[in-house]
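Working notes, structure below.
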Amino acid sequence: MDQLNGREQQEFQKLVEQKQMKDFMRLYSDLVQRCFTDCVSDFTTKTLTSREEGCVLKCTEKFLKHSERVGARFQEQNELLMKNMR
Amino acid sequence: MDQLNGREQQEFQKLVEQKQMKDFMRLYSDLVQRCFTDCVSDFTTKTLTSREEGCVLKCTEKFLKHSERVGARFQEQNELLMKNMR
Amino acid sequence: MDQLNGREQQEFQKLVEQKQMKDFMRLYSDLVQRCFTDCVSDFTTKTLTSREEGCVLKCTEKFLKHSERVGARFQEQNELLMKNMR
Amino acid sequence: MSFLGLGGGAPKLSSEQKVQAAEAELDMVTDMFNRLVDTCYTKCIEKSKGYSEGDVNKNEGLCIDRCVAKYFDTNVKVGEHMQKIGSSQFPGRR
Amino acid sequence: MSFLGLGGGAPKLSSEQKVQAAEAELDMVTDMFNRLVDTCYTKCIEKSKGYSEGDVNKNEGLCIDRCVAKYFDTNVKVGEHMQKIGSSQFPGRR
Amino acid sequence: MSFLGLGGGAPKLSSEQKVQAAEAELDMVTDMFNRLVDTCYTKCIEKSKGYSEGDVNKNEGLCIDRCVAKYFDTNVKVGEHMQKIGSSQFPGRR
């Protein structure tokens, strides 16, 4: 990013903030869709059974921990890549 | 939406209209891809066989009716959710 | 496109150029994801095995040739469609 | 219109920010609708017989109704659970 | 350029609207191309042997050609059928 | 910040173009992160038992670490190979 000057940095920063909310929304929607798909397949009832709800909650925790861990490794790999490019 | 004033409402309305065409396009493309994937798997001919065409037409109707029904339920659930939030 | 005048054509051309980089990025990312999914499933090592790497390289070539061929046919079909519409 | 509690209490947003927030909310509702169409089609529509009919039959219809209801239910439960366990740690990449 | 009959007869659009319509059309063509690459890859490419070759072999090539042709055919048939049964009722959510 | 060598040497870009390039790069990094979350979840997370626990267990954790490393490795190898065989012919549709 060293090629952007002050004003450009600022403009870019504004873009980043606009996108962060969208990213969060996307990950949230992905989580809901995945946990629903993996946990819910009984359509004889209109609300979640307790078994389905338990599965959804565990799936939520696992997905969050998974995406955190991917995030940590992603950052490390990215820094490694940047270093090798210089 | 009550927090938007007149001019903002108008601007937002313009956005909504721009998006409606895109939404329609997307649903149309999803329909084509899904019905093609489900109905066409013989690649010894260059045009649809009559069996494949029949399948595609029924799939089209079913998908439309399905998405209409989802739309109706979606609206009800959304209204329910909004009501509970007030 | 005959309904756009000179200035509009120019503006549209600028849009096209902005989108081409994005399209390329998307196809590149699709390729990486697909070849990774198809070729890598041993997670007892931290780097690609030579067998996995060979698979990834062949997958890359095949995907590129595939998308080139789809592109050529796509263009032909599109031209055919345009001609029939006049 | 306050899906997931978005925008509810936030004070003193500029006009541009308010329209942007409304747009984000519209995009999210649209995205959820598209995911519902896709997910409930996969869960409920019988295509084993090569689409023997164009109608949505009674079983499929009931399944769709419940699929939408349970998807909303899941959406709420996930949101509540994330708040409980502290969603702040969420995206990991920032 | 009038994919799906878009833009054809519509009179008196502003410059901004015309460029927007052209952009929407470009996006749709690009989207269709991406879907074709994806769908025909799944239908036609043999990966059972772990990609034994980097070339697209003769069988795969023929399959790709027909896959593209049939996809266009499907696209047209779906469009005609939707007009016939009244696509106005389509998206449901509005 | 020069993912895939983007932006590195390109001279004399306008301010608008530079911000656009930075945005494209941000979008690509975000897209790759999302694909990693999705792909490695499918490869590494055991859901056969209906999510018997909310934690990521030791096996899953190791698998995630290696999955991310191998995905980056694949990304680099694909980029190098495309340059070698001449990626110019790539998208086909232009």
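Residue numbering begins at 1 within each chain, and the chains themselves are lettered A, B, C, D, E and F in the order written.
Rule of thumb we're sticking to: a contact is a pair of C-beta atoms (placed from the backbone, for glycine too) under 8 Å apart; a residue touches a chain by one contact, two chains touch by 3 or more.
Note that the structure is predicted; figures quoted are calculated from it, not measured.
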Any chain in contact with chain A as well as chain B: D
Target chain E, source chain D, minimum contact steps: 2
Label of the chain whose CA centroid is most distant from the centroid of chain D: C
Centroid-based (C-alpha) most distant chain relative to chain F: B
Centroid distance [mean C-alpha coordinates] between chain D and chain B, Å: 14
Gap in Å, rounded to a whole number, between the CA centres of chain C and chain A: 25
For chain C paired with chain D, centre-to-centre distance based on mean C-alpha positions, whole Å: 30
Residues of chain E whose C-beta touches two or more other chains: 27, 32-33, 44, 65, 69, 93
Residues of chain A whose C-beta touches two or more other chains: 23, 26-27, 39, 57, 60-61, 67, 69-71, 74
Circular arrangement of chains, read from chain B onward through chain D: B, D, A, F, C, E
Residues on chain B engaged by chain D in the complex (per definition of touch): 1, 3-5, 7-8, 11-12, 15-16, 19, 23, 26-27, 30, 34, 38-39, 51, 55, 57-63, 65-67, 69-71, 73-74, 77-78, 81-82, 85
Chain D residues touching chain A - in the complex, by the definition given at the top: 20, 24, 27-28, 31-32, 35, 39, 42-44, 62-63, 65-67, 69-71, 73-75, 77-79, 81-82, 85, 87, 89-94
In the complex, chain C residues that touch chain F: 18, 20-29, 31-33, 35-37, 39-41, 43-48, 52-53, 56-57, 60-61, 64, 67-72, 74-75
Touch list for chain F against partner chain A, complex: 1-3, 5, 7, 15, 18-19, 22-23, 26-27, 29-30, 32-34, 36-38, 40-41, 44-45, 47, 50-56, 60-61, 64-65, 68-69, 72, 76
